[in-house]
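First chain A sits with chain B, and in the next complex the same chain sits with chain C.
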Partner chain A sequence: MNKQTIESLDPRISRAQLPTEVDHIPQYEVLDQFVTYEVFQQQKSGGHFIHVGSVHAPNEEIALLFAKEQYGRRGKSVGMWIAPTNAIVSIPEEDVDMFDATPEKKYREVGAYMVRNRVEQYKKDNRNE
Partner chain B sequence: MNKEALKNLLYRMADDSLIIAHRNSEWTGLGPILEEDIAFSSIAQDKLGHALALYSLLHELGEADPDIIAFTRNEKQFFCAQLVEYPIGEYDFSLVRHFLFDTAEKIRYELLQQSSYEPLAKLAKKVSSEIKYHTFHAETWIKQLGSNGNEESKARIQSALNDVYPIAFSLFEKTSFEDAIVADGIFVGEETLQLRWVERVTSIVTASGLTLPSADYSVHYGGRNHYHTEYLQPLLDEMTVVFQIDPSAEW
Partner chain C sequence: MYGNISIVDQAIGKKNAQEDPEKLAAFQAKIDRGEKIEPHDWMPADYRRQLIRMIEQHAHSEIIGALPEGTWITRAPGFKRKMALMAKVQDEVGHAQLLYNAAETLGKPREEMINDLLTGKSKYSNVFNYPAKTWADTAVIAWLIDAAAIINQVTNSKGSYAPYCRALERICQEESFHLKYGYDNVVTLATGTPTQRAMVQEALNRWWRPIMHFFGPPDIASVHSEILTRWKVKMASNDDMRQQFFNQYVPKIWELGLTVPDPELRKDEVTGKWSYGDPDWDEFKRVINGDGPCNKERLAVRRMAEINGEWVRNALKKPTAKYTVPLS
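And then the complex of A and B:
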């Protein structure tokens, strides 16, 4: 059979001599998939570790290896954690209405603290000293 | 300080970095899994950065602009070791080459931190943190696919080691400037580097349940003195194809 191969602007693809047409797509056995790990990045010394995403990896060592490049190669990092995704415990989705607070509880919000006025006054009084 | 000797060392290091960067970048988009594709590509990009930094040092010493040096020479003007020229092969070949190359880079830059040529000593300090990740990446995979792997992964890494290890000695081929480089304190020399490299590689390979083949050091010599494999010129043709369309273009 004389089949045409893919000519691409990417020389690597042309070199691979891939047929332009395939008769059938081979069915592969479904293999085990890697588990995922959640990645937490610390941007400043002493700062919080913040969740930045996840990586697929066969084990913790490789997960750290990937996390460093996936999430640490841009911007500054001073620390990084990983944790298996299945170790994360969360509030079930159907129960998230628990977070809905009634609107009349202003006293629970920082803005309602009476001390704030005194702090503002203190700042104003001491500004030019 | 012997300026020609210094330039010879810089050219060898820069060309190694440029060519390995290009080779490893050939995996971009075709890597075994997404995360590894990104990591390996990122390492390749770092290597390109090292090449640029070294060509810039050469430029300060009176050589042409880095783009001109990188993109307008033919194979006979290159100083790279034959190790970096070979096609990427299968992923096991590329991984093992990366491991052997970066282990040597790491030790070379550690030693160069004492260089009598201050700009080089400074650069060596600067790139050492990047190379630390490169060797961490390489060593993690060798261990993972060696003692932590299965029969197939172990057999493939062992077979790649058998092929690549002898070629890796091409990195330590000396040039006629070797004595001057050592005498002027520019670099402690290829012999010291090779000794430390063999020691380090042996310890990692052994700890990974693998073995090193015997190697006749000099079989793959030539690159440092412009005798290259048949693979270098086609690589250069491909790498420079866009540059050659309009060499005077402003980027």
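And then the complex of A and C:
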């Protein structure tokens, strides 16, 4: 086995005497990993909590810490939620076409109701009497 | 930070012929309409494989990219610069987390990606196999390597895979601080004493070639790069991005009275294109295949981190906890 160690410009790395060649490379068991949590951030007081991404963590406490470091270290945050990824329920992909007709439902919108011209007409008609 | 590493996978195209033509056409139509692909949407096996490879290499580049600059944290000149460098290095590691998440949504577990990094099976950007000799090197890295990375990432953020685009948007916002911080450091040295000027010029000379390598060799037209372009996986050619870099940054280097160590570099005022000297693509290939000045050190340090942190991980692990693929 090669007993040479890494010589680095960084004295801390040289002092660690890391071997240049190793017999054993650490390998993880696949899926031997932490649970994932989804992170929701509130950027301003009174604002919505918006999904910003995920973190891997062994428990809720550490998930919150990672979420704060990962998604809250820039800009402003006033609140943060986490939820285990497997607690998120979503509409099945094959059903999302149910939203296709939504924009056509004009009767749910302000623009579908024309009032002013009728009020004006009424006033005009009554003045003429 | 990131570089356009060889994302070439010659097998692409062959497998594509086996996909369901109807699904393939619907997939292509969706991309052509400018819609994004989400993790649960149908996608061709080649698209999935190519994206995993690309995002994974990008994630590794962030985590390894933290090392050359990280070595300067303890020796940063002054408290303010130390704080800023720590923030930058933390950002790079944070970028790796975002990108591993995006790659995970395509079905490759994070642990498998780390395994492949440690064995050398999957690559990271070549530039990080070079040492940061002086403080000026960290300034040049933060300015110009991050500038190159921004060009690359802004381009890729317009791609078709939604989780990758979302990660890149967040990353690009943070990179803009890195760029300005690096520029500030370069300007400080370039407008300083003759010794400081010489130091930053030498660092620029050392990093110029790796920066040219950063965008990857000129693209060769092929069936697979045509497919990747059509799928909006590859959003610009390596040379287009290199040209953009010349346009934006060479004038900024020159106005500081610094020089670029390439006598052939010049802009053709008629075509608007820059010509540049051969940056030694053989060296690029040698370093990618393990024979660079720092390849061994980078992987040894990464290995040390995994070995030294193992007990913490084991202490925290809950045998009953079940992994779920993150949403995005």
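What to note about this one:
As a convention for this text, the second predicted complex is superposed on the first by the 70 of 129 C-alpha atoms of A that agree within 3 Å, B and C clash if a C-alpha of one lies under 4 Å from a C-alpha of the other, contacts with A are read in each partner's own complex, and residues count from 1 in each chain.
Following the convention adopted for this analysis, a contact is a pair of C-beta atoms (placed from the backbone, for glycine too) under 8 Å apart; a residue touches a chain by one contact, two chains touch by 3 or more.
Please read these numbers as outputs of a predicted model, since none were measured by experiment.
Once chain A of one complex is fitted onto chain A of the other, the partner contacts of A:A83 are absent, as it touches neither chain B nor chain C. When the two complexes are overlaid on their common chain A, residue A:T20 makes contact with chain C while staying clear of chain B.
Of the two partner chains placed by the overlay, chain B and chain C both lie in contact with A:Q70. In the superposed model, A:H56 makes contact with both chain B and chain C. Contacts of A:E29 after superposition: chain C is touched, whereas chain B is not reached.
When the shared chain is aligned, chain B and chain C each come close enough to touch A:R12. After superposition on the shared chain, chain A has more residues touched by C, the comparison being chain B against chain C. Counting contacts as defined above, chain A residues 12, 34, 55-56, 58-59, 62, 69-70, 73 meet chain B in one complex and chain C in the other. Residue ranges of chain A in contact with chain C, taken from their complex: 6, 8-10, 12-13, 16, 18-20, 22, 25-36, 38, 51-56, 58-59, 62, 69-70, 73-74, 84-86, 88, 93. Across the interface of their complex, chain A is touched by residues 26, 30, 33-36, 38-39, 42, 133, 136-137, 140, 144, 148, 238 of chain B. Touching chain B in their complex are the following residues of chain A: 11-12, 34, 55-59, 61-62, 65-66, 68-70, 73.
Residues of chain C that touch chain A in their complex: 40-41, 71, 74, 90, 94, 97-98, 101, 109-112, 114-115, 118-119, 131-133, 166-167, 170, 173-174, 296-297, 300-301, 303-304, 306-307, 310, 316-318, 321-328.
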